[in-house]
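Okay, so subunit A shows up in both of these, paired with subunit B first and subunit C after.
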Partner chain A sequence: MLALLFILFAGMAIGCALAVVAQRNPLYSAISLIGVFVSLACLYVMLAAPFIAAVQVIVYAGAIMVLVVFVIMLLNVEQEERRRNRLKFLVPAAVVLAAVLIAEVAFMLQSVANPTPAVSNIGLTGSIGAQLFTRYLLPFEITSILLLMAIVGAMTLARRGGLLSSEARLVPGAQQLPLSMVDPRATPDDLTLVETDSSEEAARLLGVDPRNTERD
Partner chain B sequence: MDTAIDIILKFVAITVAFVVVLLVVAYTVLAERRVLGFIQGRLGPNRVGYGGVLQPFADLLKFILKEDIVPDKSTRFIYFLAPVIATMAALMTMIVYPFGPEIRIPFTSISIPLVIAHFDVGLLYVLGITSIGVYGIMLAGWSSNNKYSLMGGLRSSAQMISYELALGLSLIGVIMLAGTLDLAQIVDQQSGWHGARWNIIYQPLGFVVYLIAAIAETNRVPFDLPEAETELVAGFHTEYSAMKFALFFLAEYINMFTVSMLATTLFWGGWNVPIIDLFLDRGSFLFGLISALGFLFKVCVFLFVYIWLRGTLPRFRFDQLMSFGWKILLPLALLNIFITASAIYFFL
Partner chain C sequence: MEPQLSWYLALSAVLFTIGVTGVIIKRNVIAMFMCIELMLNAVNLTFVAFASFFQDVIGQLFVFIVMTVAAAEAAVGLGIIIAIFRNRESLDVDEASILKL
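Then we have the complex of A and B:
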């Protein structure tokens, strides 16, 4: 029974992983990647690590991939699909690297002839918590500081030069985007173009404080 | 052989749970229309069957018989996939909730637990599956090739990411008190003392934050920005018709039901009903039945609150929604964690 489930989820993971690489449409790749994460979570459950499985789904499938899909939805997906593959010359390198990886896995499998049974409580909530707050406390705290730095950095980069005036009530998700950006399949006629001589005038038309339009 | 019987029994249990949930959901829709009618000084649907009790089935028939329109320029595969993801994610959380205590079938000695699966990380499982559900809405908005749909999808994903944080953090107080993520154990710990051990008494702030975040997570009034009909026609499901629309509708109501069950389980004692353990034996059939009905009653109270809010409150503006989630709810949830941790450290 367990072997059957393993084959099912392992097959799903490999199939989805192949689809991530093979698809030309980035959104399909992203959806396949979500499939990989979910199948991996199922495999974790079968390895008696339910906490890791749940975190895998919540963090990767539920948060990070949502942001990835969010960004892809705003991009011009069809254009990307039509463009011809510029990175064809990298195919031999990919084949070589894949061969190395497979050889590595084969070596690992061969060298561990009699795998010892895994410690069964390694993936439970209690054991992970105990390890994180005793043995791995320093790495844990350093990682959280690293994440905090990343957040502060992202905030600084996002606000640099692009400060909005107090009158312009622009918030993420509610901005007025040009139609061509929102919908790649819309005809360009839907846009009314306004020509301006300077960025100050453009800023005035957009209702943005002109002092803040200069980048850097 | 035993595993085969086990699997069949689980399938039966899942089927029963799904049927019960779908029935409750169908009648929630009817209740919503009747209660909204009452609030707005009109009658609501009351013609099909006595007082409208057959209305859900009439609606279902209508959904099935209506023409199913697929927009020409939609991305067909994803357009079909989106309602499936939304409904499946909504239904999948159903298996970890304890609907009642062990119940003994009359005249036999067989006891069956009224929970489908004991899961060590039941609470995290619920949060994980709920976070998958957002893809249904996002992909529906993208694949419809309609600007209103796309805006609805984008709004919904931004909203759900923001409020998921507050939702998750508001539950940490309960987890700290219980010391486990297993929903059945959390309910067990709240039994006894006739309701004085329910978590609502120890976690009032956590409950308020949870309730508000849960309403935002299910895209209900006053947080129904993804389908704000005054700005976005119908939001992410503008292009959906017939049964595919019904699936989104179903997913929304099942999600309401799910978050109500989670509120009941974590804060209001789950299936524990005060007083009755004075008269009835724990493990008897009647005890189990009354407990399960008590659970259903508490859930229905929450569903009523949802409908009540819809009849009462206007909609938020999007920037208000975002600043409320990040600047008020999130710090309140963190404050709740801090208070709970201090209380545990000093008094327990």
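Then we have the complex of A and C:
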């Protein structure tokens, strides 16, 4: 019975994983990846890890894949076009090497000791939490620092740059910024040349703080 | 017949190989990103299988930590993808072979 369930969920996982690679539309790949995550969550339940299974569905299939689908929709990704296969002569070598690799893996798996799983409570939320907050507190804290770094990094990447590029600076006197000093990413199409008499006025027009323009 | 440990390891190896293949043959950044997620999940399956068969909770703890790393990777990676798309109007990795924006 359990073996049948394993074959069912393993088949689902492999099929969905193949679909992730085979699909040309990234949106279909994402949906297939959710299928992989859900079938892996079912396998975790079979392995007596209900907490990990729940986190798998909530965090992976829920949060991360929603983010991925959101980005796919936002960028309006087109289908990948088929490209020429330039390395066709390597296909027989690849087949032979893959067969050797599969034989090696099968040989290794033959010799794996097969301990029998006993019914236990190691996968329950309480036992995981007890270990996480006592003996493995340091990895837990490192994880929180990693998440903080990810937040800062994502905000830095998502922030829009100012009108001026990093090479641009205000010089006293008449302000005529060459176009090469203006950040092209932030430039509106109808950019006009404005002459000013002082740095302060130029800074006011550009919307920057004149005290910050002196760079060392 | 009960599922053996080697079955889970074989399934994990297959999923990991499919993920590696995807990273190699895909050119779309988002598709490559999803193949990396697939590889991370294959490793997670190994962790959980060992934790369950050897009655040790450490494996499941590290699955938890790997999931956190994956979440951080998703946040920063998708930010990078959006930044690349904003500059190049394309998601093809060959277009972004020069890291300079």
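Just so it is clear, the second predicted complex is superposed on the first by the 125 of 216 C-alpha atoms of A that agree within 3 Å, B and C clash if a C-alpha of one lies under 4 Å from a C-alpha of the other, contacts with A are read in each partner's own complex, and residues count from 1 in each chain.
As a working rule, a residue touches a chain if its C-beta (ideal position, glycine included) is under 8 Å from a C-beta of that chain, and two chains touch if they have at least 3 such contacts.
Quantities reported herein were computed from a predicted structural model and do not represent experimental measurements.
Visitor: If you stack the two complexes on chain A, which partner ends up touching A:V20: first (subunit B), second (subunit C), both, or neither?
Guide: second
Visitor: Looking at A:L157, would you say it contacts subunit B, subunit C, both, or neither? Reply first, second, both or neither.
Guide: In the superposition, A:L157 touches subunit C alone.
Visitor: Considering only the touch criterion stated at the top, classify A:M12 as touching first (subunit B), second (subunit C), both, or neither.
Guide: In the superposed model, A:M12 contacts neither subunit B nor subunit C.
Visitor: According to the stated criteria, A:I34 is in contact with first (subunit B), second (subunit C), both, or neither; which is it?
Guide: first
Visitor: Just to be sure I read the superposition right, which of the two partners does A:T125 touch: subunit B = first, subunit C = second, or both, or neither?
Guide: In the superposition, A:T125 contacts subunit B only.
Visitor: With the two structures laid over each other on chain A, which partner does A:L67 touch: subunit B (first), subunit C (second), both, or neither?
Guide: In the superposed model, A:L67 contacts both subunit B and subunit C.
Visitor: Kindly classify A:A54 by the partners it touches after superposition: subunit B alone (first), subunit C alone (second), both, or neither?
Guide: In the superposition, A:A54 contacts subunit B only.
Visitor: Comparing subunit C with subunit B, which touches more residues belonging to subunit A?
Guide: Looking at subunit A, the partner in contact with more of its residues is C.
Visitor: Between subunit B and subunit C, which residues of subunit A are contacted by each of them?
Guide: Shared contact residues on subunit A: 51, 55, 63, 67, 74, 185.
Visitor: What part of subunit A is in contact with subunit C in the complex they form?
Guide: Checking each residue of subunit A against subunit C gives 2-3, 6, 10, 13-14, 17-18, 20-21, 26, 29-30, 33, 36-37, 40, 43-44, 46-49, 51-52, 55-56, 59-60, 63-64, 67-68, 71-72, 74-75, 77, 80, 83, 105-106, 109-110, 112-118, 120, 122-123, 127-128, 131-132, 136, 139-140, 143, 146-147, 149-151, 153-154, 157-158, 185.
Visitor: Could you pull out which subunit A residues touch subunit B in their complex?
Guide: By the definition above, subunit A touches subunit B via 1, 27, 31, 34, 38, 41, 50-51, 53-55, 57-58, 61-63, 66-67, 69-70, 73-74, 124-125, 169, 171-174, 179, 182-183, 185-186.
Visitor: In their shared complex, at which residues does subunit B touch subunit A?
Guide: 3, 73, 78, 119-121, 124-125, 127-129, 131-132, 134-135, 138-139, 141-142, 145, 147, 150-151, 153-155, 157-161, 164, 181, 318-319, 322
Visitor: Under the definition above, what is the set of subunit C residues touching subunit A in their complex?
Guide: The touching residues are 1-11, 13-15, 18-19, 21-22, 25-28, 30-31, 33-35, 37-38, 41, 44-45, 48-49, 51-58, 60-65, 67-76, 78-83, 85-87, 91.
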